[in-house]
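Down below are the structures I want you to see.
The two complexes that follow have chain A in common; it is paired with chain B in the first and with chain C in the second.
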Partner chain A sequence: MYPLEMFIVTTAMLFLFGLVALIMKRDLVRLLIGIEILFNAANLLFVALSTQTPGMIDPFPQSIVMMALVLDGTVIAVGLALALNVFKHYKTFDIKKLRKLKW
Partner chain B sequence: MVGQGIISQGLQLPLPILITLLGGMATPFIGLISEKMRLRLTDAWMVLVSALSLYGVYTLYDQVSKTANHVLLIYSWGQTPPFSGCFEIDMLGVYMAFSIGLLSLLVSVYSISYMEHESRVTEFNTLVIFMVSGMYGIVMSGDLFTLFVFWELMGLASYVLVSFLKRNWGPIEAGFKYLVMSATAGAFLLLSMALIYGMAGTLNFAALASTLRGAPMTPWTILIFATLIVGFGVKSAIVPLHTWLPDAHPEAPSPISALLSGIVIETGLYALTRVLYIAFEPGFFKVPIAALALVTMTVGNLLALRQDDLKRMLAYSSIGQVGYMLIGISTGMTYGLLGTFLHIFNHSLMKGMAFLSVGSIVHETGTRDINKLKGVGRMMPWTTLSIFVAFMGLGGVPGTSGFISKFILFNASMGAGLSILALAGVLNSTLSMAYYLRVLIALLSKRTEETIEAKEAPILMVGVAMVMAVLIIVLGFYPSPIVGIASDASKSLIEGLTNYIGAVL
Partner chain C sequence: MIPMFFVLGLVLVSAALAVTSKNIIYSVVALLSTNVTLGMAYYMMGAPMVSLFQLAIFAGAVVVFFVITVMLTSGGDMEYDIDPSPLMNKKTQLAISAIAVQIMISASLGLNLDFPYREYASSAIESLSISFGSYDDITTAVSQFLWQVRGMDLIIQSFVILTAVVCTIAMLKMRREDE
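Here is the complex of A and B:
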């Protein structure tokens, strides 16, 4: 059993960094990286919690992390494809320029 | 068992999911053949897959009602539930699957005509089938992680479908916004799953209901509740998280708007309801959900008032309708949940029909601006009739099925001691008639020189809308069949919970 506090603090910090990246950054690709950081924070918490069962390491959360990595990878891939299409129409990766639709 | 054995009789899937997954995988090959033969085979294939999956839902209903305690359990490779992913199908799942199957069948017939002049129809059909498959998976899954996998399948298909008409800038921008918000919500959902696993040691619904439910309120349970609301709330457009919806739903092709507004946001709401009722006592989330319901319906209806874009107006009206459905969840009673799930079915028909009929108008005239559509309704009488029926149903006029579900919802909120919600709901219904009638006045006003010339939409598009109109009116005067199934379904979350736990564990 590893001590859990350090992992929880790291997860919270990573989540905070991801949210800050989503709010502050203007580049489309950096937004997608922010989302990836959010997913990885949740995955880290899963892996840390898998060691907490007494006497064993639970394989269930680790298999979940494997599947979740695949899922967020596909989401980011679709996001990058859309970012390319955005560049075709707007000639920029700046999110502040994507204001043609009303918010 | 229901599923077919794929890998040495090991991998079991419920029949609708199996049909849609295999059908979706086969669609590109059908597309290759149909390009060679210059036939439109993929459209016929999509209708066939949707009809077969609806039949699969029927056989599932048969099997679920024959099992002893009305819960059908499907698991793979001999792994028993608390430690592995599985499907747990109860009456609620079958009921939601029926709504999904019915709307997707109607939409797939409609899109034969609508997508006639578009290229890349094969990709379109493949993505629609996969989105429907994801929704089936969400309503049938028996643990949070299976739900998450199908949640992302539905999400991925819908991101691409929103930005499908990629030659314009609008769909691309709306699709990117939708993707960023939904993927962030997915990360929140994964975090809430990790927290739930940390507290309970499992993600299975039945095991969660017997361990996590009734736990004392700590900062961790509040954190789980908050992350769940964010995670499910973005897809189901609860108000502080709704900003993607008024962009994404209008910019998508009209059949996709109908599917997204009609059933995808309701599937999100279903997932929220299921997980909340499994993991918490109703007293825990009564007040926050009631506050969200109040804000959601008021903001949705107020913003819809000042829209000039017809489809954008309908999208805001969807937000308002989600607010009505939240009322039923906040009551914490079977009667309120009956209202919610009945309204989900009725809304899927009414909003689906509204988007399909508006799609016919957009298809014929090429504009979505209400001010430019003056007098067009006189040239498209059948489409205007179906829009009339849909708007009356959405406004809750007696004689349509929308009246019955709204009546149950408001009645239940009075019974639960939240009469302010009933008051706000009635006021909002009145408010919503203002913008519905504005569209009808514009469509039916006299023709002038500026009126765009239009003719009636193709027979398939009008036919689908007419079928839905007949369903709405018939269910408005004779609601007992659907109310019966819905009350069976809504029982499974509160009274049937011990039965559910007993059937699985």
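Here is the complex of A and C:
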């Protein structure tokens, strides 16, 4: 059993990196990279909290994280397909130039 | 404990590289490194099935999707045309660095966190827990748990994935017809 503190610190830093990517970047692909880092942070904390009982393994969080991983993969795949369509129409990934999508 | 520190450090460094790299190809490679090191961390924590899924889906399929997107759109060349965001000034970078350093210092001072996991877990879940033995036992227990307890979730999830696949194919097909 590993101490919980280092996982919480790693998760907080990963969450911070993902949030920084979402706030500061204007490239659609980089935004998806930030979203994937956020997914990774959530999954890591979930698995870390499940291993805090000495000598025991709980299959429930592991199965939940496995399902979440598959769904995260589909989310990223659909997002990348959307990004490809956006690039085809607007010839850019820059979200500042995609103002025609606004109401 | 030292190898886990090393692996988690690699995760953080590669995630920082994925976010801050100028060239998007380097970002995707750093993301691949993040996912592979996270898979190693899951394996060391005693979650071999999660590690397998992490390596197969995130380090395999998703990174391939990213590479294909960058190749089809020449996104690596385009990144340099984008001006830096107004939020990305020195003050913001300093503030984020200060928050990160504060988190690290408070962690190193010892939060003494204790997560009383057993107090919140229901008795049914507690009875399904297994002792930390070989990885074969863990894999078998997780597979049994998935099919016996979360079977309906798996079936619904397969419909969600099917819908996502159909949507993705429809979007890409529309793209090809327009060309």
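Going forward, the second predicted complex is superposed on the first by the 99 of 103 C-alpha atoms of A that agree within 3 Å, B and C clash if a C-alpha of one lies under 4 Å from a C-alpha of the other, contacts with A are read in each partner's own complex, and residues count from 1 in each chain.
In this text, a contact is a pair of C-beta atoms (placed from the backbone, for glycine too) under 8 Å apart; a residue touches a chain by one contact, two chains touch by 3 or more.
No experiment lies behind these values; they were computed from the predicted model shown.
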Touching partner for A:Thr53 - first (chain B), second (chain C), both, neither
both
Once the structures are superposed on A, label A:Leu45 by its partner contacts, choosing first (chain B), second (chain C), both or neither.
first
Which holds for A:Leu98: it touches chain B only (first), chain C only (second), both, or neither?
first
So, does A:Val20 touch the first partner chain B, the second partner chain C, both, or neither?
second
Touch check for A:Asn85: first (chain B), second (chain C), both, or neither?
both
Quick one: is A:Met67 in contact with chain B, with chain C, with both, or with neither? Answer first, second, both or neither.
both
Contacts for A:Leu31 in the overlay, against chain B (first) and chain C (second): which applies, first, second, both or neither?
first
Looking at chain A, does chain C or chain B touch more of its residues?
C
Shared chain A surface residues [contacts with chain B and with chain C]
18, 32, 43, 49, 52-53, 58, 60, 64, 67, 71-72, 74-76, 78, 82-83, 85
Parts of chain C lying in touch with chain A, wherever the complex brings them together:
1, 4-5, 8, 11-12, 15-16, 18-19, 24, 27-28, 31, 34-35, 38, 41-42, 45-47, 49-50, 53-54, 57-58, 61-62, 65-66, 68-70, 72-73, 75, 78-79, 82, 85, 87-88, 92, 96, 99-100, 103-104, 107, 110-111, 113-115, 117-118, 121, 125, 128-132, 138, 141-142, 144-146, 149-150, 153-154, 157, 160-161, 164-165, 167-168, 171-172, 174-175, 178-179
Chain C partner contacts - residues on chain A that touch it in the complex:
2-10, 12-14, 16-18, 20-21, 23-27, 29-30, 32-34, 36-37, 40, 43-44, 47-53, 55-60, 62-67, 69-78, 80-85, 87-88, 92-94
Help me check something: in the complex, which residues belonging to chain B touch chain A?
83-84, 145, 148-149, 152, 155-156, 159-160, 163, 166, 169-170, 172-177, 179-180, 183-184, 186-188, 190-191, 193-195, 197-198, 201, 203, 243, 246-247, 251
Residues on chain A engaged by chain B in the complex (per definition of touch)
11, 15, 18, 22, 28, 31-32, 35, 38-39, 41-43, 45-46, 49, 52-53, 58, 60-61, 64, 67-68, 71-72, 74-76, 78-79, 82-83, 85-86, 89-90, 98, 100-103
